[in-house]
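Shared between the two complexes below is subunit A, which pairs with subunit B and subunit C, respectively.
After this line comes the complex of A and B, so read on.
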């Protein structure tokens, strides 16, 4: 049985489970959408008082927000519930069963549950993108941008996944990592803004560190820059950042894989 | 009377001990809470640079950042994590029965527990808060406010705590009628985030929204104390504003008690 087949089974089972509690599913759908609507409302208000934020005008910024929604909805749908589950599995000893299965453990613990309701925001993001892109001043359609955009969204999702699984793997060492979610939220909070806002004597080093050491700033900025200002025209690092983003994705995946394997090596079964 | 005070004192001490179990996690969590402020500082710097104006709705760039810093204090007083959901869980699982049998008033018990938790929270959080405010003292261009304004600020903060407590507990009491209130709580949280001034100073809202928010109790949970500190409330309106806030506290004290009595009447003790 191929890994794809296994994943499709996971996805199907999760969908069946979600559909069993349909009202709950719809509530989750609406709540995650209203959260994003509020975020959009906030920026609409801010743009009443300014023409642009760090070189992003209103509709360009809406593209940025749509990109954030795409990436977040994918991460939340595929990886978030599993990363939370991992620290619980470590605490209860349930990880033993995952280790025994004849399948790659990282694959199993990363993808066994799909949170379908998070994909609601994916559709909202599509609508927002379709609304905002034609309204960007002087926008010219570029085939390269249209092809690269989804690819870089996937790259962004993979970088965030690497950060998440690295954090989750630390729960194997620490026994339990309750503030995992908080920490994740605060770290990714930096990625949700255009990188140009990190300016000045404190901002520049921050921008540099979150681009080249923990590459979370490229997650949204690269795809959004490709779409809104075709191929990163205004970016401080220019189109080269797109090349770097590919390398960063590979490095992040390799690093998180290494950390995960290391952590598994020191797993002491709690009880089972 | 003495016995009664002794009972309450014991409850208070137990709650303090309970809170101190996780003090390390706690201090770290407090410091991390300020990370979103860092991005807010950069964001608003970029907004003001883009607007090219010295002030937006009467707030200078420093004022806005000072405002966000102050809302972290008001939120520390007014936010009641887990209060409504915890109460709803007790109702659902039947744990609430113990308060019907024991000669302890459930609202008083919860209030005391909250006070204990908050006091410990401030004791631990004072260090991180003092550090951050000292580092950011440059944003408070007007320096310390007048003693009377400062007194009004602390009065408003104390009432923000009481208002937050009774408002959220009243919502929790709805669980006597609907067993599952988590989606309702989410809606409340969303509204609270947007309308309390946690996300931005309420002056930014256009009419008619600003007028509507003016009549809601939510603004006293985050916006109002911060606005007092920054001198945004004219001195002759200060007393009236504090009276309205006190009125809202009283309203929810009564609402909470009424809901509890009505709830006890229709409660039919499921679970053991």
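After this line comes the complex of A and C, so read on.
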């Protein structure tokens, strides 16, 4: 309960700060929303030339894009600014203060800033979802899908968070780690497409590695597959992927926790 | 019972030895030379509850490293320490609720927000009872005279005002032990004095234990009865500020005002001449010789006035630091970069 209180204060303080720099806030909101609009426009173009990409027709794929937007906006709102900040805190010694506080350091470091403007895309995603779902051919509403969808979005956010905080924690060892952080963008790029497209001698190993080693392919694919199709009907792994996604989330969180704690143990602080 | 107990505490860093020039930097990508810097080399120290102790020492002597070890920010390479019965680097929440660290060179308040918002965050993090929080905050804010600045973003405050806010934030949870790392650095004389007065008052009223590092002798003279001098990672002195002079200065300053028409020549036979402006002369005389020299001067010359003094503290300490910082000191430690 007290952790919730601390988090709400973080969120509140972040909002106060965002409102101080109102113009910046609005620009951020507009630029991230127009980036999403451009993405959407691009895929509309692609679907002028084809009916179907790896088993996903246009409106199913729009659901996929909406899911990506949900996950990304949550990650960007809650975790991204903090992971970025961690590398900086290590370099400047600001992590010292986090270590003094009588509260879990990973919690503090992971959630102290909320980037409210990123939640603009969350609303756009809601609209896109409401637009696309009824237009899917032969769509049937299922209560299970409606309940599971948000839960798996949260699971996806937690997996991406785990990858991000693990990479950011390495900067505690290395003093600085900008490149590994870029690496996060490279690999999460793969998660933004239906996993069915990773096929053939080059695609299959990628699909396997990004499902079972670094489980980023389940992040979007599982919730999108649940919402757009009858519970992952077309997925190469079928509904079992949803069971796996739960395990993957727990494993990713546990692993990132372990790495973070290890890293804190060898923190050396910057000189005054 | 001791509030702080330190036994043979050690901290060494492995530092990448960077060579000069681009060629050497590129070579460093493949082969690196490291050197071990012993920042703290086996410190023993006991501090009683309610003491106000100063750490004095040149840059890189190991003062800040010691404070960071006692705050649990870093772990030692060897030795033991307990603060209020806790081992700091275990980072237990029970311990972290009972002490505070203030660093003059770093700020922990949200830069773009008014300090009062950061205070509220502290209340949540330290789980301070709302009534206690309001009372402590009001007391601190009035003592430091910063009430009118509470709603102003921290980035708009002066350095002195910001330090007052930092102190307030650190004391909101009523810590029993306070570590202060150069709290008056960069402040003007008035602001320094205000902070000193506040610390003195607060420590007296609350009876908390404070460990302070500072470069300003005035801070230390105003606040601390006990001074611990650290040089090159070791404690070289532990006692009163005045005692430093006795221990580290081997000489006294003899000032003579001569009577008669002219100054006697060849004063250097008594000791090193520091200043000679007729009719006055200041001489530096070995401590053991002072009685003999003084009687010789009085016997051989007409003297109007005479005084024998200890050399100024600043001078003694500067001299002591100069002596102890010969050779490689652990200055400017930075984490190993990539």
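Just a few scattered comments:
In this section, the second predicted complex is superposed on the first by the 268 of 272 C-alpha atoms of A that agree within 3 Å, B and C clash if a C-alpha of one lies under 4 Å from a C-alpha of the other, contacts with A are read in each partner's own complex, and residues count from 1 in each chain.
As a working rule, a contact is a pair of C-beta atoms (placed from the backbone, for glycine too) under 8 Å apart; a residue touches a chain by one contact, two chains touch by 3 or more.
Bear in mind that the values here come from a model prediction, so they are computed numbers and not experimental data.
Overlaying the two complexes via subunit A leaves subunit B and subunit C side by side, clear of any clash.
In the superposition on chain A, contact is made by A:196 with subunit B only, not with subunit C.
With both structures placed on the common chain, the touch criterion links A:208 to neither subunit B nor subunit C.
Contact with neither subunit B nor subunit C is seen for A:244 once the two complexes are overlaid on the shared chain. Once chain A of one complex is fitted onto chain A of the other, the partner contacts of A:122 are absent, as it touches neither subunit B nor subunit C. The vertex angle at subunit A, taken between the C-alpha centres of subunit B and subunit C once both structures are aligned on chain A, is 90 degrees to the nearest 10.
By the document's definition of touching, neither partner reaches A:139: not subunit B, not subunit C. Of the two partner chains placed around the shared chain by superposition, subunit C is the only one that A:102 touches, whereas subunit B remains out of contact.
Of the two partner chains, subunit B is the only one that A:51 touches; subunit C does not reach it. Figure legend note: subunit B and subunit C, brought together by superposition on chain A, show a least Cα distance of 7 Å. For the contact definition in use here, the subunit B contact set and the subunit C contact set of subunit A share no residue. Taken in their complex, subunit A has these residues touching subunit B: 27, 31, 34-35, 38, 41-42, 45-46, 48-54, 178-179, 182-183, 186, 189-190, 192-194, 196-200, 203, 206.
Contact residues on subunit C toward subunit A in their complex (touch as defined above): 13, 64, 68, 71-75, 91, 93-94, 96-97, 100-101, 103, 105-106, 108, 110, 112-113, 117-118, 120-121, 124-127, 153, 181-182, 332-338.
Within the complex, the subunit B residues that touch subunit A are 25, 28-29, 32, 35-36, 38-39, 42-43, 45-51, 53, 56-57, 183, 186-187, 190, 193-194, 199-200, 204-206. Across the complex, subunit C is touched by residues 2, 5-6, 9-10, 12-13, 16-17, 20-21, 90-94, 96-97, 99-103, 105, 108, 174-177, 265-272 of subunit A.
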